[in-house]
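Okay, handing you the structure first.
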Amino acid sequence: MGNSTITDLDDLAARVPDGAQVVVPPDYSGVAMAATRALLRRGVRGLHLVAMPTSGLQADMLVGAGAVAMVEAASITMGEFGGAPCFVRALREGRIAMRDATCPALHSALQAGQKGAPFMPIRGLLGSDILAHRDDWRVIDNPFADGSDPVVLVPAIRPDVALFHAPLADREGNVWIGVRRELLVMAHAAHATLVTVERVQDENLLDDPRTAAGTIPALYVSAVAEAAQGAWPLQLWGHYGLDGEHLRTYVAQARSDEGFAAYMAEHVTGKAEAAE
Amino acid sequence: MGNSTITDLDDLAARVPDGAQVVVPPDYSGVAMAATRALLRRGVRGLHLVAMPTSGLQADMLVGAGAVAMVEAASITMGEFGGAPCFVRALREGRIAMRDATCPALHSALQAGQKGAPFMPIRGLLGSDILAHRDDWRVIDNPFADGSDPVVLVPAIRPDVALFHAPLADREGNVWIGVRRELLVMAHAAHATLVTVERVQDENLLDDPRTAAGTIPALYVSAVAEAAQGAWPLQLWGHYGLDGEHLRTYVAQARSDEGFAAYMAEHVTGKAEAAE
Amino acid sequence: MSAGHTPQELLIAVVARLLEGCGHVAVGASSPIPGAAALLVRALSGGATRVSILGSTRNNFFTNGGTELFDCAAQGRIDAFFLGGGQIDGQANINLVGAGGEYPRHKVRWPGSFGSAFLYFVVPKVILFREEHTRRVFVPRVEFISAPGVSEPGVYRPGGPQAMVTPLCLFAFDRDRGRFRLASLHPGVTLEQVRDNTGFDFDVPDAVPTTAVPEPDRLDLLRNSIRGEIAEIYPRFAAGAFADAA
Amino acid sequence: MSAGHTPQELLIAVVARLLEGCGHVAVGASSPIPGAAALLVRALSGGATRVSILGSTRNNFFTNGGTELFDCAAQGRIDAFFLGGGQIDGQANINLVGAGGEYPRHKVRWPGSFGSAFLYFVVPKVILFREEHTRRVFVPRVEFISAPGVSEPGVYRPGGPQAMVTPLCLFAFDRDRGRFRLASLHPGVTLEQVRDNTGFDFDVPDAVPTTAVPEPDRLDLLRNSIRGEIAEIYPRFAAGAFADAA
């Protein structure tokens, strides 16, 4: 448990075992797309993908490639570009298991994992079909209430792997995430945390109190790989916007298995990208 | 619920009602000592003081002055300067109620308050006399465990007031707390948050992503007062150390009611300090 | 454009009236009309109303990650929020998950429930908003309850639905009776038109008012100032939704 | 100073041996000897052992506030921690609250339990450390259990006491039997001396080893490098605890 390893994309991808429970952030928060492509090239299988709390392109590509056994999410969508084509198709054809949730239920379950608490109570949900389909959740009567007060308990999530992209790391493996605190919670809760960054700098992020406040200490980071534009074609807050033209192309191609295969060949498994 | 008020120490002190549940940080995290002296000058009474999770000089002075009805804490101590004299005396003489806790139980209860969760499970405590004396806590069997797995539940803390000192605020009332995240949790959980700062700056703290990562947004801040050296004689991280000579004097004087009264007259209610 | 305002300007004005007096309005992703309405109310309040817009940089001051919106709402610091649904029924149940066939293998799958089954319970004033008023959306009974409109006694629920805004009309929601009541018909819309396009039963007062058109000063504000603010997040919407400033 | 080392140097060496192989050692406030021992083990490990010292700026990398130490421990990321107590009994129960009279009106009141009743349960290797070895401290039964030494079957407890270091000796703790066993006597200390000053019963092996004195290379490290590191947090301790470097 010394400092984290500074490595490359292929090594990072090799650290995600088949069948792992992998937690990933929403499209706006720093998605490790370059690492996801490396993961797809290595042919990962059987993932239990936990969106914290939503996902889009990343989930859709992983599902489309047959890498996912189960999706747990409050939402899977390509946002203004439409539904997630491979996800929707796989769900309809029964090729993946689905655990629908709400955003705050997922955040609370992850925070329970972060805190080593066995579960967390979460308001709402009562009377919803989300709850009706979650046999892994429980309803108890709040023992502090005077009268009856049913409350849902969600079990802690301690993912095998947290995978995300951030602007900056240092040579010790400290990672700067600014106000995107869900990334810090993910790293705390997960057994292994794999991060791609735009850039690795020499100065220790913890030495400056301003950057320290937005930093995940290396203790929680297993490995870091440099990947410039590593969230492309998604955005990275404060650095670059999403590539709308590319996303429109993706959504159009992914509407069919053949189109998705063509997209994969061109952008993921093809020669140009293999050198990534 | 617009921006927070920029005000002065006396107005800040006037915003703490008698009988309020007030949460305060540990001695090293930014204690609003100048505001505490203003509070003592206004003669506050009946406070339910919650240390998050420990306190020292601040709790001792408030207890010594008869301002406190109940203390909830994992520890009350003057650290290397010894025990907290007024606290120890008041406890022995039965003048205050005491709720002993552990640090993580208090942090979890406050986080439950922050999240609007009715309670939080917390590990440990089973078999302790802390638990034996907390009739406001509950033990349930973890409903997710296969066998028996008793776990303690602590009810959420939503303090009336959070009171602390920080290095910096801006004119909107955003407050910079760096890595001292317990201050942010306090502000989220409390109904009113009163903050003293070394300095109020013109630039908005949320405009720079580095300072934003360590900032409590004004939404959670009721009022801010400028108080240079506002933690004195305690330390403020990154700004000044504690005044050891003064603290030794305090501990020596506070050993008796008379000595404490003399300290108060000289340093709190006396003319010099009244102009603070 | 009818009677001096665009359809979007009318809906913004209707939503804005529902938000008046709110201390803090939060607006989710992909919600240009609610977002514009919230910004309008803020402008009218002289800054007393705070607005948080997910996806906006300028109007999002959260510093504690993705959980903060929900924590903030549960703390009672958010007065109004917006929800929609692929299906909405007469009890204000909303469905953001799917329709046709059996869950999870629905024939049509929508993105998912997001934070609906939490915010619908804790935010005092939830406004349902849909830009499509058809029997496809307004169904007798949703096929999947992402979040229920009403809860049994004993369920912790300080929040819930207050009104629903559509391109045809404004509904009020009676939480005790668990039913919508037609509050006003937008200019030019008939009761029959609403009935024909609504799959659930709702209450109708003896005299149905007509929705007030946007006040001229508000139209000025929208066209001169809000248009620019909302363009940060929804440039395409901002370009098409407003009439030119006078 | 006896046999070429100070009493503090001996205790640091004893504690350091208990920490060898740990990935991450955390040290609480007011703990100079455990702190120095942890820094020594880090130096010996070539950096493989991570050390977190509360109150240190240079050896504290936490960025999530006061809760992080406890969360980190519960995640299984802290291998060793130190606890003490105003009273400690033969079942390794510790009392950090008070003695004499009835709680909470104890005649003697100590600071309080801090995180003991959490860390004692979740940190695999908890080392009890006291610089006073008397019957006042080591009592038959603590008057207030801040944290119990052992737990009933079924209680979640991956952690617990492993050993206790005093100025007279080193005890090992048998969690299954809930009893201390004398592991070694410090140089010059007799079994009778330990028995006379210990209020609880403990196991004694047929032959009691003598605690090994600090290895010369470790003394060098302590005097040349650790002394400076620990001075950041405990300047007075650093000035008095070490013999001069050769």
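Going by the order they are written in, the chains are A, B, C and D; count residues from 1 in each one.
Rule of thumb we're sticking to: a contact is a pair of C-beta atoms (placed from the backbone, for glycine too) under 8 Å apart; a residue touches a chain by one contact, two chains touch by 3 or more.
Computed from a predicted model, the values in this text were never measured in an experiment.
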{"item": "Most distant chain from chain C, judged by the mean position of its C-alpha atoms", "value": "D"}
{"item": "Rounded Å distance between chain A and chain C, as computed from the means of their C-alpha atoms", "value": "29"}
{"item": "Chain C-chain D separation of Cα centroids, rounded to whole Å", "value": "60"}
{"item": "Chain A-chain D separation of Cα centroids, rounded to whole Å", "value": "40"}
{"item": "Contacts with two or more other chains, residues of chain D listed in rising order", "value": "62-64, 67, 70-71, 74, 122, 156"}
{"item": "Residues of chain B engaged with two or more neighbouring chains", "value": "108, 111, 115-118, 122-123, 149, 151, 179, 184, 212-214"}
{"item": "Touching pairs among all chains present in the structure", "value": "A-B, A-C, A-D, B-C, B-D"}
{"item": "Contact footprint of chain A on chain C as seen in their complex", "value": "29-30, 55, 62-68, 70-71, 74, 96-97, 101, 103-107, 109-122, 144-148, 151-152, 154-156"}
{"item": "Partner chain C, residues of chain A touching it in the complex", "value": "25-26, 28-29, 52-54, 73-77, 79-80, 83-84, 87-88, 91-94, 97-98, 100-105, 107-108, 111, 122-131, 133, 147-151, 179-185"}
{"item": "For the chain B and chain A complex, residues of the former touching the latter", "value": "108, 111-112, 115-123, 138, 140, 142-145, 149, 151, 153, 155, 177-179, 209-214, 238"}
{"item": "Chain B to chain C touching residues, read off their complex", "value": "1-3, 114-118, 174, 184, 188-189, 206, 212-220"}
{"item": "Residues of chain D touching chain A in the complex", "value": "23-24, 47-50, 61-64, 67, 70-77, 122, 156"}
